[in-house]
Structures are given as C-alpha cells and as structure tokens.
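Each of the next two complexes has subunit A plus one other chain: subunit B in the first, subunit C in the second.
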Partner chain A sequence: MNKISQWFRKNRTLIITLLVLTIVYLLALRGLEPKDQVLTTLRGFSMGAIIFIVAAGFSLIFGLMDVLNLAHGTLFMIGAYIGWTIIVRPDTAVDAITPIALLIAGFALLPLMDVLIERLNIPEKAARIWPWVGLILVIAILGYLLPKYPVTTWDVGSYESSPINYAFAAGQGTLVAPEPELFQGVSPVVGLGGILLGSFIAGATLAGFAHYRRYSRKEAKVIIDQGLPHTAIWISIITALIGIIFYFFNDPLSDFLLDLNNAWLFLIAILVSFVSIAGIGALMEVLLVRPLYATPIYNLLMTLGVSAIGIEFVRTIWGNPAFTMPRPSLFAGTGEGCPAESLADILANKCSTISILGGRIRTYNDVFVIIVGLFILITVWILLQRTRLGMIIRAGVQDSEMVEALSINVRRVFTLVFALGVGLAAMGGVIAAPSMGLSTNMGQVLLINALIALAIGGLTSYPGAAVGALIVGMLQQFIVKYGQIGIPLPFMEEAFKPTPPLVPASTVLLMVIILLIMPQGLFGRKE
Partner chain B sequence: MSEFTAPEVAKENIYWATIKNSRGLLITILLLAILPFIIALVDGQPFSELLSNDPGQSKFYQALMIEIFILAVYAISYDLIFGITGMISFGHAMFFGVGAYVTGIMFKSFGWSLLPTIGLVILAGIVNALIFGIVLPRVKGITWALVTLGIAEVFFIVIQSRELVDFAGAEIGLQGVTPPEYLNPVTERLRFYYLAMIFMILVYIFYKRFVNSPTGRVCIANRENENRAIMLGYNTFWYKLTALIISSVTAGLAGALHAIFHPIIRPDIAGLSFTIAALLMVLIGGVGTLSGALIGAATFRLLSFGLDRYLGGSSQIIIGIVYVGIVLYLPFGIVGTWNQRSVRRKEGREQLLRMFTGSKEKKQDENEE
Partner chain C sequence: MDNLLEVRDIHTFISQFHILEGVSVRVPRGKIVTLLGRNGAGKTTTLKSILGLTPPSQGQVIFDGQDILGQRSFNIAALGIGYVPEHRAIFRDLSVGENLKIAERKKGDLDRKADIIFDLFPDLKRLLHLGGDHLSGGQQQMLAIARALVPDNKLLLIDEPTEGLAPVLIEQMMEAIRQLSSETTVLLVEQNFIVATHLAEDYVIIEEGQSVKEGKIADLINDQETIHRYLEAA
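Let's look at the complex of A and B:
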C-alpha cells in the first residue's frame, strides 16, 4: 500500500497531465457524432503511427549517440521517392541497379586497397600526388560514362512524361512504360567495364588519401597480419556480378515487375527503400557523423547540410511538384460490394473503404497504416527488450562509455542503430506516401511533428515517442475535424472554427505547456 | 626597435590607440564607403550619374551590397545568442520575419510613417524575445531549440494563412509596400546604401562593446559552463534574456530594412531555411567571432549569387556540400581559423620579409598586429 502511494506521489505530475489529456479527449469526443468519433480517432491513430515511425528512429539515434539527426525527415522523403519509383516505374529501378551495384563493387574493395597500398611502400612525393591524379581520372571516366548509361526515366520538363502523369496512369492501371533506352555512343562492354574500372580507381583513390593522411601525421597503421580482407573481396565480386546479371536480364525483369501485382511491388518497395536508405545511413554515420561525435553541435549542423543536399538531390531527379502514389491493390477495390459492410466483404473485394455507422473508413489510411505502426512498435520493442543487441542499445543510452569499457564494440552498434533508425524512417516514407502524397517538403513537415512528439513524450524515451506521436496525431486530427464543424463556445455567438494554421499551432502550444510543467517531457529521464 | 618599448605605447594618446586598434574596421568602412565609386570608375560611369542614381553596374552592385549588409546584421544577431551566449535557436528567422512583416503591414495597411514603425519594430522585438524566453528557466539545450523551432514554425504558418491575406499576403508575400520617399531604394539607392552600411557598422560596434562589457562576459561564461556561472552567483536567466532581447531587436531592425528594400516580402524569410542560412553564415565566418558573422554573410551571399548565376538550379546542392565541408574541415570558420593561425602567420610574414631583404635580423612590420 505504501509503495503504491509512494509511486503515485512520485509520478503525480505525469498522472495528472495524462488525466487532463484524457478528459480533454473525452470532451472532444462528446461534441462529435458517433461516426465522426470513430473516424477522427482512427485518423488520429493513423497520423500518430506515421509520426511514431519517424520519431522512434530519431529518438533511438539521439538517445544512443547524442546526434540530433535533422536529416531524418529528408531520408524519410527520399525513402518515399525510392518506393514510388519501384511501384510506379519498376523498369527505371531495374535500370538503376546496374550502375549502382558496379559503383558499390569498387568501393567495397576499399579495405583490400588499403592493405595493398600499405604494403607497396610508395615514396612520400608520389603518395601525395597520385590520389589526386586518381581523383581526376575517376571524375573523367565516371563523368563521361554515367550520363551515357541508359536509365529509362521520366522527364520533369514535359507533362506527358512527368512523374505526375506516370503516377496518375499507375493509379488508373493504364501505365505504359516508355521504350527502354540503349547505350549512346559507346558499346555496352566499354560502358560497363568503364564504370567498374572507374569505381575501382575511386576505391583506390580513397585508400590513397587515407594512406597519405596517416603518412603525413607520422602515425603508422597497426598492421596485424591477417592476410587479405576476404569478405570485402567477396562482397565486391558478388555486387559486380549482380550488376552485370541485372544488365543482361534487364528487359525480362522489367516486364515481370511491370506485370506484377501492385501489392507485391509495395512490399518490394518497402524492403528496397529500407535497405538502400539504411545503407546510406550507415555510410553517413561512418563518413560524416563519426568524426564529429566529440562536438554534438557540429553534428547537428552537418545533418542540416546533408538535409539540404538531399532535398536538392530529390528536386533534380524527381522534380519539384508534388505527385501521388497509388495505393496497393489490396486496398484499392472500388467495384461492387464496396464499401464493405463486413470483414468477409473486405477480403473478397479488397475494398478501399469500409462503411461503419454511416461513415466511410479508408482501409489503407485508417486501418492498414495503424496496423503497420503497431507492428513496428511491437517489433522494435521486442528488439529493445528481449535481444542482446537491444540490451546493448539500452545500456548505451544510459552510458555508452561504460558499455565500451565492457569490451563491446559500441561504434559498430552506433552504425547499426543509425542505419536501422534511418531505414525505419524510409520505410515510414513508403507507407505514408499513398495517404500523404509525395512532395519535397513532406520530410520537413513530418520531422517537425516528430520533434514535437518527442519533446512531449521525452526525447530519449521509446514509450514517450509512442505516446507523444499519438497525442500529436490525435490533436491535429481533432482540430481538423473541429475546423469543419466548429466549437460552440459559451461566450461567442457563432461556433469557433479553428483554421488550418491552428493545426500545427495547437501542437506547439501543447508542447510548450507540457514542457513548462515537465521540462523532461512526459516519460523523459530526469537529469 | 628594442623589446622595451611597451611602456611608451601605454603613454600614447588614448584616441590614437583606439584608432590603431580598430584599424581593420576603419579600413573596411573606408573601402565600403568608396566601393560604389570604384565600381562606377571601373564601369566608366561618370560620378554625376552615380550620384543621381542612374541605372548602371554600380547601382546593381549597390543592391547586392545592401543585401549583404542586411544579412550581416541578421547573422551577427544570431552569433550573439548562438556563438556568444551558447544557446541554439532554430527560430531566429522569426525575429527577422517579425521585423519585416511589422514594417510592411504598418506601411501598407495602416499608413504609418517611418519612426513610429521603427519604434513598434523594437517593441515587437522585445515581445518576441520574451516569448522565446518564457520557457528559458525550465528547458535548456536541445529542448529549448525545439521550442524555438515550434514557435517560429507557427509564425511561419500564420503569416501564410488565408485569413490574413489582406495583411500578410499569404504564400505569395507582402506586396506593394511603399517606403518613404527619402528612403526609396529605387530612386535613392546610394543614400540607402550608406544608411544600411552605417547601420551595420553601428550594430557591429555596439555588439563588440556589449561582448566586452561585464554583461557580455557573463554571457560568454554561460556558453562555456553554465553551472559554473550559476555557482559563481550569476542568475544566468537574466543574462540569456538580455542577449535574446538585443539579438531580437537587431534582427527585427534588419528585417525592417529588408522590408523597405525589397518590393516583395516573401514568407521564406520567416521559415526554417532562413534560420539555417543564419547558421551557415555564422559557421562560414566563425562561431563566436562577431566579425566572422559579417564576413560569413558576405561570403554566403556572394557565393549563392555567383552559383545561381553560373549554375542555375543546382546551386543549392553545392551550397549544401560547402556547408558539410566547412563543418567537417573548417569548424572554426574563416575568422576563427585566421585568429588561430595568427602566430604562424606572423612567422610566415617575417620569413617572407627576410627573403626579400636578405637580412637575418627580425624586422618590425608596420602592418603587424
């Protein structure tokens, strides 16, 4: 008994705050019709789920390595665009695999080059000059060959072949992919071989720069005689082979993917976008974030820069205007039997809407997204609580130096968590794209929401991220709803209608109030 | 000269010493003051045309310089709270935006004259800083940054809302602001140029003085180690609030100049990207060195101007890469690195001098600091 009362006293503020929030929620529900109650709550959950997917990765990264990754929203957006490419234009995605795989093949050889150059004993003058020569060579070769590589894309300039039009056609089921292009001016052998050669030289150049840096700092590399790095060689060979195989089986694969059911494509899109963005995240951690761990503020500025680069990158490739992404066919049925009345109807007709209490619920936005959100919530929770990796992560959040002292390679865990968190965001991007649409500022908007959710829930707390995301999503959807019907206030003649600007304003206001009451957020740790 | 001349320097006239110490500043003022004439000379435009504000190369570059002056004031105001006081704010563009929009709306919708508007801008700046300061005693560091981001984002959305279209002009921006005749940036550009220049110089001198004052020193102490400053008996809240108010008012005044100078006040100037621009400018110049903010602003504007001109759309990517590169390889910025290497620079200069004169003896250079 004493323990319970003590617990209550300790968490008094939290309990009162949550109670007040619940009462506000119930009051808000009372003013709505039954169908709107269900609909708005579901929409709130759906919005909350998407915010949560972004916020979870962000809070993991921030908790573990104190990096406020402001590029998170941008990576979310790039993930969505990659997913869009796979769903709407799988032929482009297949085309792009070959050069990317060939480039990776070269960079994967970096450890081998490192060992070789270390053994070569190049004189200092030469060691200083040759990487620059290599760099110029790489820029010349890749700059000449990569633009010639045949990737069948869209044209941002003309409406007929713009992403907007393709997205529209894909949604209608009338998508016709343009004729595949061919190598222009160079034979395929020269093209493929050149790209591969260029990427090898690029790997060697990078190793050369690293070597000279060690050389000039007079720090000898600790050479442990472990022979050649076999894993790197194998990775390089396999990626190069994959690239070449994809080149030769390009057309059948494109046709196969174009005919494939949209739902499968959606699954592939989620996976590919997760893997590619996780790869980019790992690279980013190793190259950019790692040198700056000592100064978190510079890390923050660096991620801002990466975010700006990412947005411009998307703008150049996919164009500035916003476009849509078709829903997976499981949730797009509109024929007879729709809107569905029962569960059997949904399964039989793959309806896009369900009718409940006279209102219509969209199966994708209001049901599927929530299920995915819950699935990710539980999966990551299990990963954190029940696995060895999760244990290390949790310990690292508490005190990463101590974990390092216990002879655990924290740096590798950092890279892994960064990749995982960023990949999660990319996955969220693909899932959110059909309901939100694609635009270059979707990431920023969502990042700000996620930041607010984290500030409410507590910056490094996983349950806090979930609760904060839910609160933000709910509040926004209720304000949107009340913007349509108005809030009857006792001292005003007309009902007060919250205008659209009030949607984000309300969440910020809530954040400020909660931070004033509980500076650490709802579930944050007290310092 | 022997090494024992130090007491003589102390006896020197104090005004002469001040002038000698701020040699760089004076030279900069002089250069900026004659810059329009130099450009006119190079372009072959007679001075009479320049003085009567006829169109020409000089007038064009005057506009560019005015933009740099405004940006420099904005950047230096960010340096005060970020570099000197050590608070990260993501809402700084709101300070600028409030100044610009207050000026624009007061001129356009209410027909106020210049002086009362400036008074209102200052008042709005103080109120603005107080809004940011409300949560200051409770939240610190990243959380405070998030609060500022949120508040600024709300302002950004409010000025773009349809409801205020008559006042703020929604997402297109505030158009049709008629500046007073004697400050019209089109017909009286040279005058505007000198006004903006003097404003920037005054702000710089004021900031320099503020940082060297006891209050400013406590602000620096707050940046270095807040707990220690508290332990020494300073209530850091008031010092942080003072820095915020000064910063907000100067940024607001810069915004007012921006509103008068530009025909359209776009809502972008209140968005996150503009805050990031401030960060970038401070970072290029060197965090915590006030002159760095000015140099950073000039570099930033000239860089984006040049890149826009020669590369068009893809200039943003290069700016992003420059940004990341500076963070990784030049973390102290231009001025910071310059100051850091002053000893080595001195050695190098002496070596150069010896090379020319051929003497082994150390020579005293006139331009030496």
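Let's look at the complex of A and C:
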C-alpha cells in the first residue's frame, strides 16, 4: 500500500499529464461521428507506428553513442526507394546486384590492405603519392566501366516507361519488364573483371589514405600482431562470387521475381532494404561517425551532410522523386465481397478496405501498419530486455566506458546498433511507402515528427519513444480530421477549422507544453 | 620477476592536459598495493591508464609479462583485469543479477563464481531481482566488487571502495577485500589512510601526476615526514 502511494507521489506529474492527454483525447472523440472515431483513432495509431519505427532506431543510436543521426530520415527514405525497386522493378534490382557485390568485394578487403600497407613499409614519399595515383586509376576504371554496365531501368521522361506507369502495372499484376540490356562496347569478362579490379584498387586507396593519417607506430604494431584478417578475405571472396553468379543467373532470377506473388516480393523488399541500409549504416559508423566521437558537433554536421548527399543520391539514381508504390496483393483486393464485413471476408477476399459503422478503413494503411508497428515494438523490446546484446545496450546507454572495462568490445556494439537502428528505419520506409507514397522529402518530415515524439517521450527512453510517437500521430490525425469538420468554439459564429499548416504546428506546441511541465520528457530520466 | 603488473613511467594526456607525468607502479603477485596521494594527484587516472580507458601516450604497462600499452581496453580487461571504478558505475537499468551477468566473459562464469560471490556478500543474493537504481551506497559498492569477481581476474583495480560509506560498512568492505585478496592481486586507491594501511602491504605515493615514493606500509606508518609532506591536507 505504502509502495503504491509512494510510486504515485514520485510520478505525480507524469500521471496528471497522461490523464490530461487522455481527457483531451476523449473530448476530441466526442465531437466526431462513431465511424470517424474509429477511423481517426486507427489513423493516429498507424501514423504513430511509422513515427515510432523511425524514432526507436534514432533513440537507440542517440542513447548509446550520443550521436544525433540527422541522416536517419534520409536512410528511411532510401530504404523506401530500395523497397520500391524490388517490388516494382525486380529485374533492375537483380541487375544491380552484380556491380554492387563486386564493389563490396573490393572494399571488404580494407582491413587486409591495412596490414599489407604496413608490411610493405613503403618509403614516405611514395606513400604520400600512391593513394592519389590509385584514386585517379579508380575514377578512370570505374568511371569508364560502371556506366557501361547493363542495368535495365525506367525512364522518367516518357509515360510508357515511367516509374508511375510501372508502379501501376505492378499493382495490377500486369507488369511486363522491358528487354534486358547487354554490355555495350566491352566484353562481359573485361567489364566484370574491370569493376572487380577497380574496387580492389579503391579499397587499397582508401586504406592508404586512412592508414598514413591514423596510425601511430604503436597501434600499427598491434595490427601486425593480429595477423591477416581472415574474415575480410572470406567476405571479399564470397561477395565477388555472389556478384559473378548473379551475373550468369540474372535472367532466370528476374523472371522468377517478376512471377512471384507481390506479397512475397514485399517481404523480400523489407528484408533487402533492411540488410542493405544496415550495411550502409555499419560502413557509415566505421568510416564517418567513429573518427568524430570526440567532437559531437562535427558528428552532427557530418550526419546532416550525409543526409543532403543521400537526397541527391536518390535524385540521381531514381530520377523523378515522387513515386507511388503498390500495396501488397494481400491488402489490395477490390472485387467481390469487398469492402469486407468480417474477418473471414478479409482473409477470403484480401480486401483493401473494411467497412465498419458505415465507414471504410483501409486494410493496409489503417490495420496492417499498426500490426507491424506493434510487432517491431515487441521484437525490439524483447531484444533489449532478454538478450545479452540488449543488456549491453542498456548498460552502454548509461556508461559505455564501464562496459568496455568489462572486456566487451563496445565499438563493435556501436557499429551493430547503428546498423540495426538505420536498418529499422529503412524497413519503416518500405512499410510506410504504400500508404505515404515516395518522395525525397518523406524522410525529413518523418524525422522531424520522430524528434518531436522523442522530445515528448524522453530522448533515450524506449517506452517514451512509443508513447511519444503515438501522441504525435494521434494529434496530427485529429487535427486533420477537425480541419474538415471544424471545432465549435464558444463566442465564435463559425466553427474553427485548423488549416493544414496547423498540423505540424500543433505537435510542436504540444511538445513545448510538455517540455515546460516535464523538461526530461514523459519518460526521460533526470541526469 | 614476480610482478603481476609493472607500470613504467607512463604519461597520460586528457585532451590537452598532461595529467600523468611519469608514474611507475609495481604490483607483486598476490599482494595488495595501494596508491596514496591527495585529491587530484592522478590516482584514478593511473588506474584508467592501466586499463587503456585514458590511453597513455608513452611509457610501458606490462601485465603478466606482456606489454599491453596501446591495446584496446576490452582486450586489456580480457587478459584478466577487473575494474571497480570510483562511484561504482552500477548500471541503473539493469537488475542486480544482470549487473553480474553482463560481466561474464564465458558462458557460465556467474554460475561458477556464485558461491564465492554470495559468500562474500550474502546481501546480494536476496537483491538479485532488484533494479540497479534501487540500491544503497553500500549495496552498490558490494555489487561493483562482485561484478569484478565474476570472470577469472588476476588483478583487481579498486578505486575508493569505502568512499561515502558508514563505518560499519567500511569494516565489512575491508573484510571482503582482505578475503578476496587471498585469491587475486589488488591495486587499490584509497583516500582513507587508516583503511589503506590496514589492507595493503606496499604503497606508492602519487603527487601531481608523478609517482614520488614507494615502499612498505609498515615503514610508512612511522614515517611522519612523508605522511606530512604528501598525504596530509595541504
């Protein structure tokens, strides 16, 4: 009894705040028709789920490494574009595997190059020049060969082969991929071998640049003592083989993916997007974030720069930024028996909409996204609470130095968490794409929402991220709804209709109010 | 040579500040050595430098016959060094049990050592499921030492174990350290002169980032001049 009252006293502000928010929510509900009550609440949950997926990774990264990863939203967006490519143009995705794998094969050898450079003991003058020579060689080789590599893509300019048209066809299940292209002007052997060679030189060059800057003699000695990095060599060989194998099995694989049910493609898209962005994240942590841990402000600027580069990267590769993405066929049925009246209907007819109380909710946007959000919430929670990695993360958030002193390789945990965090965002991108559509600024909008959610919930608190995301999503959807029907206010002739700019403004306002009452956020911990 | 740890003339910078300007410490196997000196002399930094948490820029740190300077902290710790930091650094978001579990280097370390640990600190056994943020100062200190006992450590670096504890608890902590020193070697930083002299056999005095004097505790107790010069409040 005593304990309960003590707990109440300790969390008084939190309880009152949550109570007030609940009352506001109930009041907001009262002004709506029954069907809109359900609809708006579900949309709020759905928006909250997507915000949460972004916020969770961001807060893990910030909590553990004190890095405000402003590129998080951009990686979310790139994830969505990768997912789009897999679903709408699997043939392009397959085409791209080979050159990417060959490039990875070279860069994976970085640790080996490091050792070799140290063992070769190149005289200082040569050491200063050769990386530059390497760089020029790389640019020449890759610059010549990569554009010649046959990747069948879309053409933003013509309607026939535009992304929109392909997306529509993919949604209808009538997608016909254009004829695959072939190497032009060079034989495939030269093309593949050249790219591989170029990537090896690129790896060596990068290792060279980093090597002479980074190592004092002492550290170099430790590296030599460790011997050859076998893992790096294996990764390199395997990725090179993957690249070459995929080159020869390109057509059958493309055909297989094109014929595949698009629900499976969607799953593959989520996985591929997660893995590739996680890989990019790991690379980013090792090469860019790590050297700047000592100067957090540079890290902030660096992530901002990466974010800008990412957006331009998407513009270069994908062309016109605004795409639509078809929903997985499981949630796209419009034929007989739809909109669904019961659970059995949904399962039998794969309806895209469900009718409730005379209104229609969209199966994918308003139901499936929420389920995925909950699934991710629980999975990450279990990871944090029940696994050794989670234990290390929770400990590291507080004191990573002490964790290192317990003979745990904290740097590796940092890389892993960074990869997982941005991978999660990429997954969120694919999941959000069918309901939000793709555009180059989808990431920024979501990142800002996620930041507000985290400020409300408490920056490094996992439950805080969930509650904050839910509050932000809910508030936005209710404001949107009331923008249509208006809020009846006393002493005013006409109902007050919130205009669209008030949607983001309202969340910022709520954040300000909550931070005034609880500067740490709802679930933040006082430091 | 039967020094488990030998620190030779290390220099450590923290950002641009030259904190250690030549510290040498020898820790013979199986003994307790204490670092003495005034506040801010560099005792804690010496421990951190040994572990590589604040890597020394020059000098030598030889542990168990191996030069460990320049290695990463987790590698150094894995050689068998346990660290009990100042202010205990208990993980608040982890339960007492998890605080112990996280220190495992091999699966099953904790099960193997459970008897020893709970013999030494019976209190911890009933607190296992309590959150790390609900412990009293004494309990935190017990947990911090217990955590360093989970893996097989040859050397324990213990920083200010009795700081802020009630006299009864200080007694208990001293008894615990005495008991565990029969198994492992200890390098101890202790402000409390009485505690330090009761526990340790050898001492090293650090003054303004330099080790200025070393010897047997038994000799130090009668050496009023040294005590006055280096240890009494200035």
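Please note the rule applied: the second predicted complex is superposed on the first by the 510 of 527 C-alpha atoms of A that agree within 3 Å, B and C clash if a C-alpha of one lies under 4 Å from a C-alpha of the other, contacts with A are read in each partner's own complex, and residues count from 1 in each chain.
The rule we apply is simple: a contact is a pair of C-beta atoms (placed from the backbone, for glycine too) under 8 Å apart; a residue touches a chain by one contact, two chains touch by 3 or more.
Owing to the predicted nature of the structure, the values given are computational and were not obtained by experimental measurement.
Visitor: With subunit A superposed, do subunit B and subunit C clash or fit?
Guide: Pair status: fit.
Visitor: Examine A:I448 and indicate which partner it touches, taking first as subunit B and second as subunit C; both and neither are also allowed.
Guide: first
Visitor: Name the contact category of A:I297: first (subunit B only), second (subunit C only), both, or neither.
Guide: So A:I297 only meets subunit B here.
Visitor: Given the touch rule stated above, what does A:L515 touch, subunit B (first), subunit C (second), both, or neither?
Guide: In the superposition, A:L515 contacts subunit B only.
Visitor: Of the two partners subunit B and subunit C, which one touches more residues belonging to subunit A?
Guide: For subunit A, the partner with the higher number of touched residues is B.
Visitor: Should A:M391 be classified as contacting the first partner (subunit B), the second (subunit C), both, or neither?
Guide: A:M391: touches subunit C, not subunit B.
Visitor: Can A:A308 be said to touch subunit B (first), subunit C (second), both, or neither?
Guide: first
Visitor: Looking at the overlay, what does A:G173 touch: subunit B (first), subunit C (second), both, or neither?
Guide: The answer is neither, since A:G173 touches no partner chain.
Visitor: Touch check for A:L406: first (subunit B), second (subunit C), both, or neither?
Guide: After superposition on chain A, A:L406 lies in contact with subunit C alone.
Visitor: Measuring by CA atoms in the overlay, how small does the subunit B-subunit C distance get, in Å?
Guide: Minimum C-alpha separation, subunit B to subunit C: 15 Å.
Visitor: Please output the residues of subunit A touching subunit C within their complex, sorted ascending.
Guide: Interface residues on the subunit A side: 218-219, 221-222, 388, 391-392, 394-395, 397-399, 401-411.
Visitor: Looking at the complex, which residues from subunit B come into contact with subunit A?
Guide: That would be residues 88, 134-135, 138-139, 142-143, 146-147, 149-151, 153-154, 157-158, 160-163, 272, 276, 279, 283, 313-314, 316-317, 319-321, 323-324, 327-328, 331 of subunit B.
Visitor: Using the touch definition up top, name the residues of subunit C that touch subunit A in the complex.
Guide: Residues 51, 53, 69-75, 77-78, 83, 85, 89, 91-94, 98, 101-103, 105, 147, 151.
Visitor: Once bound in the complex, which stretches of subunit A touch subunit B?
Guide: 68, 288, 291-292, 295, 297-298, 300-302, 304-306, 308-309, 311-313, 315-316, 444, 448, 451-452, 454-455, 459, 499-501, 504-505, 507-508, 511-512, 515-516, 519, 521
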